[in-house]
Structure formats: structure tokens, C-alpha cells
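Same chain, two partners: chain A is paired with chain B first, then with chain C.
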Partner chain A sequence: MDRMKPLDPQWAWQTFAPSNERPWNRALAAHLYRRAGFGASVEMLDEAVSREPAEMVRQLMAQNFEANEFRETADQLAQTILASGDAKKLSAAWVYRLLLTPTQLLEKATLFWHGHFATSAEKVNDAHMMWDQNRLLRQHALGSFPVLVQSIAQDPAMLIYLDSAINRKAHPNENFARELMELFCLGEGNYSERDVQELARCFTGWEVKNKAFRKNRYQHDTESKSILGSSGDYDGEDGVRVVLKQPFLELFLARKWYRFFISDEPEPSDELLQPLANVFREHDLQIAPALEMLLSSNLFFSEHAIGRKIKSPVELVVGTLRGLSGTANTQVVSSGLLQVGQGLFYPPNVKGWDGGRAWIDSSTLLGRANLIGKILDDDVTRFSGQKLTDYLGDRGITTALEAIEYFEQCLFALPLDDSTKSRLSDTFSVTAAEPERQLRSLLHACSSLPQYQLG
Partner chain B sequence: MNTPRSLLLPLRAFLLAVVLSGGLLRADSPRLADCSSSELLPQTVVAFAEASHIAQAIETLLDHPLRQRIESLPAYDEVAKSGSLEQFQLGVTAFEASMGKPWQEAIKTLTDGGVTVAADSSSQGIAILIKSSDVDMLQRLRGFLLALRQMGQGKLSAVEQGDYRGFTAYALSKELKLAILDHWLLITNKSDLGKSIIDQYLDRKNESLHSSETFSIARNERDAQASDPAFVSAYVDVATIRSSGAAKALSNEKIDNPVVEVLLGGVLANLRNTSFVTAALQADITGVQLKLSSPHKRDWEPPREYFFGETQHAAAPSLLEVEDRLFAISAHRDLSQMWLRSGDLLSDKANDGIAKADTQLSTFFSGRDFGEDILGALESDVQIVGKAQDFSEVLPRPAIKLPAFALQFQMKTPDETTSELRRVFQSFIGFLNVVGAMNGQPQLDLGMETLGDAKLVTATYVPSRDQRDSMDAPINFNFSPSIAFAGKRIIFSSTTQLARELVSEPEVSDSGNVVSERATRNTDILFNANTLKQVLDDNQSQLVANNMLEKGHDKQAAEAEIGLLLELVGMFKDATFQLDVSDDELLLDVRLHVDGE
Partner chain C sequence: MSHSANSNRRRFLRSSIGGAAAIGVGSVIPDCLVRAVASEGNRDERILVVVQLSGGNDGLNTVVPYADDAYRAARPKLAIPTSDVLKCDDDVGFHPSLSGMHDLLANGQLTVVRGVGYDQPNRSHFESMDIWHTCRRKDESRPDGWIGRFLDTQTNDSGGDVAALHLGREQQPFAIASEKIRVPTMKEMSEFQLQGRDRQSLRSLLNANVATEPNPLAKNASEPNDLLDFLQSSTTSALAASQRVTEAAGSYASDTRYPDTELGQKLRIVAQLIDAGLTTRVYYVQLDGFDTHAQQPATHAILLRQWSDAISTLVRDLDTHGHADRVCVMTFSEFGRRVAENASEGTDHGTAGPMFLCGRGVKAGIFGNRTSLTDLHDGDLKHEIDFRQVYASVLKNWLDTEPLPILGGDYKTLPLFS
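The block that comes next holds the complex of A and B.
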């Protein structure tokens, strides 16, 4: 992957201050909502513009837990699905949360950790365990990384997914130990095979009985272990603590956040990421301070970030709906996401989703357009509880061109050129028969544009 | 009715159109004396429906206590406020203005001679005939309909028209034509059919539907049966439809779906042979009743003796009675015969499935032939019942609360069958436990009970330690599969509680009046809407959650929608479906009772 031209790290991580050259406007507010969440209506963008950007980021960061009422409702939905025992439908309950949560950053961070600590229901085959893991990720999504890692190390779904449930002292299973260092905390090249073997011994005896985590002391290796330069009679918790102390950890996480929140490519230099990594470590590996710095930065609000990511299927679909205050059949959305490569609770492997250009190929591009088309074809799909015609009509939009310009503000990361707008507005006539169908087709056509795939 | 200011402009334009249309379209003078609609229609009519007493039906609807309940629903208010009714109100106001009287009175006068709808096989056309004592009102209606057409076109243009034997036909649309024949208003989509009706009206020479032998028999049978005048009576010439190839399903001797075969195989067999079907729809304050009747002959029954009875028509047993009954089905069906003769009854595809199932079931029943030995051990009385379950005192309580259901049969030789089926049931529970253990499902604990003379074998799901007091336990906890033996009766029940309740009921032996009333009853189905509402109420939170997931509604909107659904269900009392078969008639009686209180 290409390395980016050197940027001044000091400038990059300074808090963004609007200026005449780079004013705080709907476009920047929409960028913030797209990255720190999934999207926002024009009304929400106007509300955001009436505040300072740093204040908006602080507000998003402050929403690091769900209001009781929403949590109860969303959990009730999950319980409904769990009661029927259909694990395939569980992701519909998460889609509902993604579409309607008032705490967008919390949900976006939960999605990030789901890809980071990737666990698939395909192998776990237990909806309750998957849901419990999802709640765990949400609980710590913006909290303490050490607590999150310790919790995930004892999470039944993770133990089953990485075969730790059969980790015996006679035959230590190295899967979880390896991924803990390679994928979760340190990255490739920052540990040795010997470290993997020794760390695996720490987790011996950790197993799942009756769907719950438990330590089987008869199967635990109590001998001394030597991991990453430290030695002792470590158990699993001690092993995790040793890994968390490693200096490569903060840079590894900073790089992952950069790719998720700022830009797919080019690859950032260590020098550029170091200030972000430092803040993470200085705050005892608390996640929120690092993300606040990232989301408030000059770099985040610069041309190095805006439109520099390819929308994931979740960002594409949920963003389209949230941008227009839309609601839809969540089961249609969740099954559609699975078909286009981002099934919630169904990451492809332990590395999670590759993201970036991997989201797009000739098949998935068509699949993405078809999924949006299917959702828009469904009469259940509503916009603030209304037809799209009425929703846009209430905002004074009566022509195809006005509708395109409205979509441009709340749905597109980059402005559309005049020829594209003109081509689209010539093709769709809102005043023709079936204006609702025409408007939905126009929205579908907009969402199928190459520009729309950029977030 | 109040006329909103916003409606006045279009209304004025509409009235102008009525005046213009009326000016163009004066009626011809009366020609012939009174006649019935069947006398005007050709013999080639294959479906005929006649509605009389329309005014009475409207009165029943308007005065019905349910109307008040519907209008008091918040959803009704919302629809009224949303403006969705505006167009309807405009239509009613325009209709009243055209007719010069309130719409109820206008309809009463317009339809006092009845309304007929007929489908003709020769012309492939449909005709509507409205007979009124007031010719002026018919002409006003014609003006209204033509004005409506002009409104639809958005311009006041001359109406396309043509004359046929002194009557003028006006184009309501590209297809539909309208003409007034003195006291009759005729609308049809085929000119040939319209002409034939006018010819018949003027000449009375051709044979009419009225003179058709089949129609006469059907009408006489209908008149003989009718205790009260029907709101709608209908006749369908099944023989002609069948011979035309229009209804392919009726020409297939074998069907694909075994469940449809069990439920309706005999009815379909009848439709493959009968010449006609008559229908009568009645409505009053308690609900609606639809009676479908068809001639029947025993010769038409083979190879479906399993449905009707082998040597003579057999009757269904009584419906099972339990507390909080949701549904009950009783029927005469010789399931053993049906299974063994499936090759004659079902399509090749369905038969393949039956053959596979037969092999597997025979293995499961220790090598005994499933059709001959297992089903053959049971009499042909099939009784099924479902009831709402009460979980108020039960833990663990399932999150989704399903009704319990049970099947009751009579054993031919209880001494032999009891031990055989008890052993099979125990094996079945063992099998469920092995499969369940592999999938992490709770295990079933076998038990035995004696209740009077009855013996029960029960199986109860054992909750894990943390599930014992659960209020949202898995769906499994709706079930405690049980088998009960009481005298000749054998009961397969989804719950032990229902099995206990059924064995506690005395064995019913139909006798005396009961027998004579039910002597021809082949199938009896009852569905209780009050219990359905209770089941839905118990699962309200689940229904709300499903609504939120499927429609993306927020909680409030989902609760409102489910609340409306429950209100609507609460307006019904029950529905019944009864099939009676005698040597010369097959009668289907469907009733829907509403809760008028």
C-alpha cells in the first residue's frame, strides 16, 4: 500500500478550528456524522452547524452509554428473536439499533470492535452467546481497552470461536493466544512463536460449560511461563496484562482507528500516528480520549479524510436511511447485508472485514445497488414515518433537481458535478405519474453512483 | 353530511357535468312489463349473483353496535383527520347532490328491484343489472356515472354513444357501456352481451337463463332450503366452467398437497362431478352466514371413501370442549385408507414424499406398517382441539406463549394398541432428547400418571438451574408432550395439562337428537376469536417487537398498530365451518359471528 506524503503530525492532531477558508458547514457536519456514526438528516446537520465542531465531538463522546428507555426497547427486540431461537434473525435487532440509536458513536464503535474481535455466529451457533458478546462490546466500546480485552478473553462466544473452550494443559490451544497478540493487541512481527506457546499455557483450563465461562483448575497449567520478556506463574488474566503493557499496542490500535475513522489509504506513517498513540497510552488505554482527539483533529476534517473511505455495506445502507430519517424492514436489511458481505454477527474470519477496496468488486457493487433498490421498493420503508414524496415535500422540494441537491447535502461525501445532476434530473420527472416511485427510483439511481460509494 | 370548503369547487364542476350529461341523455319511453333479471340473461351465463334487500343490509351495517366501536378507535380518528376520507366524502356529497336525496335513501330506491351480476361464457363478458321502481332515479344515476367518467378524463366532452333497437348505450369507459331499459340499468363490458340482453328484453324469444333446466333446479333447491331471504344468492354453472377448461384445478383428479386433500379432498371430488353450486349469503346483527350447496351422488366418491365413509356416509364426532378453547376440528376421515390409497389421491410428487415418510415411520414404529398397523389401529373419528395456555402460575414462563393442542382418536383394539403406542412414545421422547442434547436444547423428563381409569405418559422439559424462575424462557417450555389412554380414547397432546383436561371429560357417545342433528355432518370446525385475542394479548410485547423489526416502527407506533389489530380481533366472536354430506347434497355452511356488545 502506498505511503502518504509526510504530514505534520503536530498540525494533524491539533483541534480543528473553522476558518474562512475551511468553514464549519453542513458538509463538514455530515462528514462528522458519517464517520462518528452513520449519517444525519439535514435538520440534524443544521443543529450541528449552530455549534462548534469540538463541542459537537464532545457531545458525541459524552453519549457513551445508551439511555435506559432505548436500551430496554432495543434489548426487548433482541429477546424476541432469542425467544424464537432463530440466530439468523438476530442481526435484525442490531440493525434496528443502528437505524434508531440516539448514540451513534457508541454504535459505530461497537461495530468497530465487532470487526476487531471478530466472532462469527456461523461457528458459535448460539444466538444468546453472540448477543451477550455484542452487549459486552457496546458496554466497553468507548471505555477501558484493558477491561474490554480481559472481558473478551472470557467471553463464551470468543472462546468457542477460537477453540479456547478445549484448551487443556496437556495440549494448549494456541489460537486465542496468537490472535490476542497478532490481531487484537500488537500486530504481526511484535511477538515470537515462543510467546504464543507460553501465552497459550496461561489460558489452559479456560472453558465453556453450560454456555458460561469457567476456569477448570484441573486443566490449568500452573507452571511458570515466560512471555514477551516477563516470567511468572501466570494465568490468563496475567497473560493479558503482560500483552497490554507492550509498547507496540497503542500504535497498533491507532493505525486501526485511522483506517476505520479517517482513511482507507494511503498507509499512515508511524510518526503521524505517534501523537494519537501517545494519548491512548497516557490515558491508561482509555478509548474515549484517543477517539475524541482523532474526531476533533485537523486531519479528520481535512481533504485527507473527507471522501477517502469506501462505505461499508452497513455505512451505505444505514447511512442512506439515517440521512433521510428512514426506517425499513430490519430483517430485509440484515439479510441483505449478509448477502453483500457484511452480515452482522457473521464476519468472514477472525481478521474481520478487510474493508477499503475489498468492499467493492463487480459482484458486490451490483449487490449494493440491488440491496438499496430492494429496500426502497418496499412500501414498509418510510421517511420520518412518511412517503418520500411527503418527506421531501415538507422540505419544499418539488423537482428532481431539488431532490438531487437535497440528497447531495445529506448523503454524499463529495459534491456532484453539474453534468451528473443534469443527467439524473432529466431522467426522472417527479411530476410524472407515480411521483413516489419516481423519487425512490431517483434516490436509488443516486445511491448507485460511483461517488456515492465514498464516505 | 358537512361539505368541507375545499370540496366545494370540484363539487360545483361535478354538478355542472351532471347537468350537461343529463341534458344530453334523456331516457327512452317504457316498453315492457316487469320481468326478472334471469329472464333477461342468456343461457350461456355461468355465474349469477343477485343481491336483494340492499337497503336492509345498509341499515344493519349503519345501526350495528360495531360501527360505534370502530368509530371510537383512535385509528379511525387518525384516518379521518389525515384527509384520506376526503375523496370518499366528495364522492358521497356529489352522489347525494345528483340523486337529490341522502345516499341511503337513494340506494334504497335505486336497488329496490335488486342488483344482479352475471358472467357469460359465450361473450366472455360481465353484466350488471340494477332494477329500480323509479326510472327518474336510474336516469340520475346514469348522469352521475357519466359525469364521474368525464371528471376522470378531466374535461367536459361529449359522451360516446350508440343506438341499438331504440336504446342508447353510453360509454362509461373504453370497455364499459351503460344503457337504461325502462326500469333496468344495464352495465356491461361486452357489446354482444348487452345486445343479447336488449334482444331478450324486447323479444322474449330466445331461451334465457331463467328457462335453463340446471338454473331452474338450482333455484328451486335454493328456495326450498331458504328459511330467511338471502341478502345475496348466487349460482355457478360448474359443469360449463369445467368443460371449458377454465378451472384446471377441477379437472385434476390428484392434487399435490396432502393437507388440502385431508381437509377438502371430498369437496374437490364433488366439484369435479357436480353440475352447479348455489350460494346464499345472509347478514344480520350477529354476523354473516354463507351457505354453499351442491348436488351430490355416492357414485362420485370413489376413490375418496376415506373422506365420506365406506359403506354409508359417516358422521364426524362432536367438537371437543375445553376451557379457553381456541379452535376445535372434528371430522370423519379414515386416515389409514387415505394413507394406503395415496397413489390414487395424490400427485406423483406428493406420493414420493408419502413413500419416503412411510419407510421412515415404519422403521420408527419397530417395523410395523405405518398405514395399515398404526393408522389402521385407529377409528375414523378425528378430533383436534387447541386452547390458550395460562402461564400465570407457571415457571419457567416462555417468552413466546403458544396455544396447546391435542389430537384425539378412538382405538379399535385398545388392549393391543395402548402398549404399542406407549412404547413408541417413550422411544420418540428418547430420540428428541438425543437430538436436543446435540443442539444444546433442554431435556425431557418422562413420567407416568394415572387419572381415574386413564393412564398418561408425560414428558416435561427440565430447566437448567438458571432457567427455573425465568420469565422469558425458550419456546420449548410451551410444550410437555404427552400421550393419554382413556378407555377407547387415545390422546396425543402438546401439553400434559391439556391431556389431563381431556381425559377428565367423560367419553361422549352421540345419541338421540344429537345424532340426528349431526348425522350428515362430515366436518365441523370452530375458531374462537375471543381466545385468539387472549393469545395475542399474552404475546403483545412479542408482537410489538416483531412489528418494530419488520416495519422499522418506533415502540409507540408499533404499539398503536398492534393495539388496533387486537381491537379488530376483539370485534369478532367466533367462526364456524360445517360440511354436511347426504346422499343427494353437499352443503358447506360458514358463519362469522361478531361481538356486537
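The block that comes next holds the complex of A and C.
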């Protein structure tokens, strides 16, 4: 499986400079938008191509907060849903953001952290708490990792999810302490069972009462604890600080970002990741400098990254719509995402989504095709507010082959070969009789191809 | 019984060949059905149904050492009262939710293996589950799972049927990962097929795309893209499996009422597919929620009832259809839980726990010594039996396969089958 030659770490993380062999074009701009966001229309790609890649990355990074107007509209929508109290419907409010946000990287990073600090409404069973956690993740998504971890450690939804709503000193509950080290900060094997037990004592007295976090000093174990080589009469915040100091942390996060933003496989070596990890640590675990380095790098714009990831269901559906300035019924999208394995607010377990090949099995493959089919079959689904026929017609596209080549530009990570194109246009021809239905069928067929699952 | 199963299968094969030809789905399906007819002898092969209890089942409150004072001392709030225990002998009994399993034991169709675990136990859900799935530790190469390796040893005479099938909404278990075969997952029968007006053209497009161009991007990429190969073979397998499984399940009638739970409904489909004569050797289902760190009693009672009711219904149903002597249902969990309860009326991650084998082929009873509740390691049980010994017994004595290359070590088999 590992057929790639070892990559030179120094080359890998240098800022990508376009050249004659590797020019900055629509394909690379589309790659940047797919990974640092969800996707972009051909017009947005052309706008991006008129700038330098590093400038584009800086622009994406600078959009680390939502403009008031968009935030108010998106939150208002969420409030209406929250009034109903149904967490299942809440994910539609997030889909609205995914489809329409102007700050794509912020939203992509929020989705990353949702998978990292995975919490499921299935167990928390409180839409308000889930939404508060979502806001928290967005607020710190491109900010400070230590602040993010300290906040999540006191987040009611997280504490309920990890059975840590009650922590008595007599018998500390180990769940949160374990996952803090195993899944959030260090990785399995970089701590001992003893560390789990000692760290759990730091969180005694932390509880959720009336849906809010509070510290119950009568239940806090004030004795000295010994964690990961340091000791003191630590409380929960101190415990988190001890964990954050561990040198495994930066490599653990660098590896997760690599898999999320660059490539599913093969597994990168520690040596390759080390420069990225170092930048993260040198900037006091600020997230943005590390991500900026990653997204502007030679490696990111190389063939080792392009088309080397299997699209998550969110990337597949939202990407297809965003590539054509599309909008759809958010409830249909959100319940469909749950069906094919990425229910927003419903990660499978505390480890989040494994991603990569794990997205794919025979059910999810059929389900992906059926979901896009359902969305395209829905009259509510529009492209820049228009029918697909009109959207493409405005861009001078009328035949099946023209449409295929247009989709190839804004939707496909890798170019289609000629025989696939001709088979597509033969099977899904577009006639004057019912062009709208036929164009939508053609788009459905394109998006069901195995190669379309690559992002 | 075997006569009715046989004619049932013939009927199914006839109807699906006719159906496939009538709607003209191309060459893929009729071809594999023809092979299925030719290899009808395989339908007597033994089948394994694996049931995974995810989250770490509390073994001590499942198979309860009710006569042990140390049990009550460690579990002041959580111990099952002696009067509620469904007694198996003078030492142990079952959680009151397990009436179905208790009946199976009485009917000679259940063996409980006590104290199953492994050396240097890992208490992470994910790492421990990976160890159970692959039989390898983290520092070793783990490209596939133990069932996947078993499937790799099987010659390709399954008549075009899927070698194994995973049923459920969860991610595919690592155990069935193979380097050669793509095991399908079926989330729900109704979703397990292409839908919409264009499904026929879409099906032929996807089949053609895979058939004539194994790697259409090869000329565009300077390095091979393994992910693309994976997606293409998965697509072929999905299309074939979807057609075959949906048709097979359609032709089943049973008087047995399955519990109206997800697990019950999944096992009903398993019974349908077995009865339709699919040559699939392994079925895999999961039941999640056993990570009972807090407020354990109510949750655990519900989960155990779901598990016990569904499994015992399956075994009964297979019995009426004459398949119980060739199906073994094996249940495991990634670890047991801490002997002492915590302050949230729950239990934390532990180590050893019981495994369960059901069906007519097992040697019924409680196997293994009582695990000591006082001689502990770090508050956890010491295991008596390595889980790979149970796997070895299943592979050798049930699936007639040499366990050594699959398990990567020589594990002593146990007398679990009659």
C-alpha cells in the first residue's frame, strides 16, 4: 500500500510557489477551496486564480469570525429550530451555514473540531447544549488550542456525553480524563493507566447542575496528584495544563490535520510531520499559524494531496452544491447525511469519524448516490436561485458534453478520461424535451462515479 | 427440515433468475446465480454469526457470581440481588434480563466462556477493540482483521454470494477487513439498492465504468491511486451484493416473531438470508451502549434484554427451519468493567469478561473457572482464557480452518463444540 517515496520534510512545508510545471490555475484553486472549505463556483475559482495562492490562503485564514449579518441570520434560523427542542432538526441549522457561509475555512475547522471533540446529541439529548458547544467550537476553531481544551473541559454537553456530569472524590469517574489524553491531546500509548486515575482526581467536583457547569468544592479531591511526571494539588484546569505541556501533543494534532486536510493515506512519518508540529508548539499552540503553513505548503498543492482523500458525506453533498452555487432543503440534506454516516451532532462515538476508507461500504456508496439523487430530484434545489438549465445556459452550456466538462472544472478533483465522458454523454443525453430533468440526471450520474468520491 | 430449506432455495433461485432476465440488468447477476446453482452443495457449510457488544460489557453483572461475598462487597449499589439472579449453578447465575439465554442454556444450546481477555490489557475502547478485531497489538502491522484473514483462506466457491455480511448503521468492524475481499455492509434493506428513475442507466454506467476502465486516471496520475482502486472495487461489490441480498431476503416466511429492536430486526434478516441458502459464512452485527460509567442498572438491563431476546429468538427460529446445527452465534465485548463500582452508580473500564456461543453445535454449559474477585490486577480481573483460544476453537472446530496463520500464534483450542 505504501508505494510513495519518503517525502523531504523541508520541501514539503515550504510555501508553494507556482511554476510553469505547476501553474496556479482553476484546478489548484478548486483543490484549495475543497480542502480549506467545501467548494467554489467557477466564478470564485477565476477570482482566486487572479491572485497568488499564498494570498488566497491568508484571506481564508483572516476570515476567522463570521460577519454580523450572516451570523444573525444563521443564528435566527437555529433559534426557531431550538424552540422545537429537536436535536435531529438542529443539524439542518448547521447545514445552512455549511451551504452559505462566506467564511468557509472557519466552518471547515469547526467541523474538524466537532469530529475531534466528538459529542453526540444521541446521548446528550439537549439541543441547546449541542448548539452552545457548536458555537464554542466555532469561536475557537482557528484560535488557541489551550483555550479550546479548557473550554471543552467545562462544556456541559461534553461532560454529559462522557458521563462526567457528576464527579465525586470517593470514586472518581475516569472517562473524561482518559479521553482527554487518548483522543483530544496525546494519543493512545502516551500516558499510563496510573495517569488516567490521577488525572481523574483533578476533575472531582466538576459537575453539570441545571444544565450549567459548576465546581462543587465539597466533592473536589484536594490531595496531591501525580500526572505524567509532575505533581501538585492540581484542580481540573491544572490537570489540563499538565497534559497540554506534553511533547506528544503537537505531533498528535499535526497527524490529525494531515489526515483531515492533506491525505488519507499512506500514514505520514513523524519526521515529515515534525516541522508542522514545531510551528504549532512554537506559537504556543495557536491553531492558525500551523494551518496557514499547512494550506500554503508545497505538499498541500502537490499530487500527494490532490485527489488523495475520500470525500466525507458533508464534503460530497455540500461540495456538489457549492460548486454550482446551489441551495437545497436543509432538512433533506441533514437527514440524508445521517443516513450515509455523517450525522451532524451525531458522531458515531467519542473518537469521531475515522474518515478515509471508513466512509465507504456498499451501503454508504449506494446511499451517497441515492442522497444526491434525492436532492437533485427536489424542485427546491436551485442553482444561484435558478433552474440548472438556466444556470448552465447563462454560462453558454447546453449539451451534455459541455455540462460534463463544466462539472469537471468545478466538481472533480481529478480530470475525467475521454471514454468516461463519452459514456456519460451517451447514457445521459440532454434533449430539448426535458432538459432540466436530464441535466440533473447527468449531474447525478457524474456525482455517483467512483472517481467523484475523491476530493 | 432440510428438504424445505432446499426447495425454498430453488424457488428463490428460479424466481431471481427469471426476474433478472426480465428486467435486463446485464450479465453480472445471472452469471453469479448460475454459479450458485452449480455449487449448491455449499449450502451445508457452517456459519458464524458474530455479535459485538460495544462499549465494554459489565461481565460481572451479566454472568453474576452471586455466591461470592467479594462481589457484593465491591458492588454495594450495583450488585444484582441473589433473589433476582437466574441461577445456573451454586456459584453463578444470569442477570434477570437474560431469560432467553437461560432457556438456551437449559436446552443445551449455550456455552458461556468465563474470564476471557488477554495479557497487558488495554483499557481504551478503540485500542482494545482493535486488538480483539485484529489479534495484533498497536506496534504491529494491522492491515486486516481475523475474520478477513479467514475469508482470504476460503476458495472462491461461494457461488457469487458475499463471503461475509455486516448489518448495521455503524462503521464496518475492523475484524472483517481483508486485503482481498470487500465485505459489504447493509444498513437497511430498503436503502440497499439504487433508487430513483434513472437507477437502471446508473447501474449500467457504474458497472461499465468499472468493467472497462480499472483505473481511468492512471495516465493522468504519476503515482497509482489506491483509493480510487478501492472505490471502484467497492462499487462493483456494492452493486452485486445489493441485488443478490435484496432478492434473497424477499423469499422468506417465518412464524417466529422477532423483538422489535434494531438487533432483533437485523437478526431476522440474517435468518432470512441463511434460509434462502446464501453461502455467506460470516454475519456480523453490533449492539452499542455498554459503556456504563454512570447510572448503569437501567441501561444495562435494557441492553442485556435486547441482546438476549434477539439472540434466543434467532436460535429458536433457525431451529424451526433446520439450521441451528450449522449456525453458531458468538458474542464478545472489547473488555469487562472494573470490579468495584464508581460513585456515579456506574463502572469504569476493566479487563476480562465472558464470551457466549449459541447454537445446536456447542457443548453447553459454563466453561472456565470462576474468576477471583480478590486476586486483582490494579482493581481489575485477571483473565484465565485468551480470547484467541476461543477464536482458535471456532476456526478449527466450527469453521474447519487452521487457526495458526489467521491468529498469528499457536493458541490452544478449548472443548466448546460437541
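As a convention for this text, the second predicted complex is superposed on the first by the 450 of 455 C-alpha atoms of A that agree within 3 Å, B and C clash if a C-alpha of one lies under 4 Å from a C-alpha of the other, contacts with A are read in each partner's own complex, and residues count from 1 in each chain.
We adopt the following convention: contacts are C-beta pairs under 8 Å (C-beta built on N, C-alpha and C of every residue); 3 or more make two chains touch, one makes a residue touch a chain.
Nothing here was measured: the structure is a model prediction, and the numbers come from that model.
Chain B and chain C, once both complexes are superposed via chain A, fit side by side. In the superposition on chain A, A:Ala92 makes contact with chain B only, while chain C stays out of contact range. With both structures placed on the common chain, the touch criterion links A:Lys211 to chain B but leaves chain C unconnected.
In the superposition on chain A, contact is made by A:Ala83 with chain B only, not with chain C. Here chain B and chain C are compared by how many residues of chain A each touches, and C touches more. Residue contacts after overlaying the shared chain place A:Glu303 against chain C, while chain B stays out of touching range. In the superposed model, A:Thr73 lies in contact with chain B only, and not with chain C. Once chain A of one complex is fitted onto chain A of the other, the partner contacts of A:Gln331 are limited to chain B, with no touch recorded for chain C.
Fitting both structures onto chain A leaves chain B and chain C with a minimum C-alpha separation of 14 Å. Listing the residues of chain C that touch chain A in their complex gives 122-127, 138, 143, 166, 169-172, 182, 184-188, 191-198, 201-202, 204-206, 208-210, 212-213, 216-217, 219-228, 230-232, 234-235, 237-238, 241-242, 288, 291, 293-294, 340-344, 346, 348-349, 378.
On chain A, the positions that touch chain C within their shared complex are 1, 3-4, 162-163, 165-168, 170-175, 178, 182, 188-189, 193, 196, 264-265, 303-304, 307-310, 339, 341, 348-351, 354, 356-358, 360-367, 369-370, 373-374, 377, 414-417, 419-420, 423-424, 427-428, 441, 444-445, 448-451, 453-454. Put simply, chain B touches chain A in their complex at residues 398-400, 440, 464, 472, 474-475, 541-542, 545-546, 548-555, 557.
Residues 73, 76-77, 79-85, 89, 92-93, 96, 99-100, 126, 210-211, 326-331, 380-382, 385 of chain A are the ones touching chain B in the complex.
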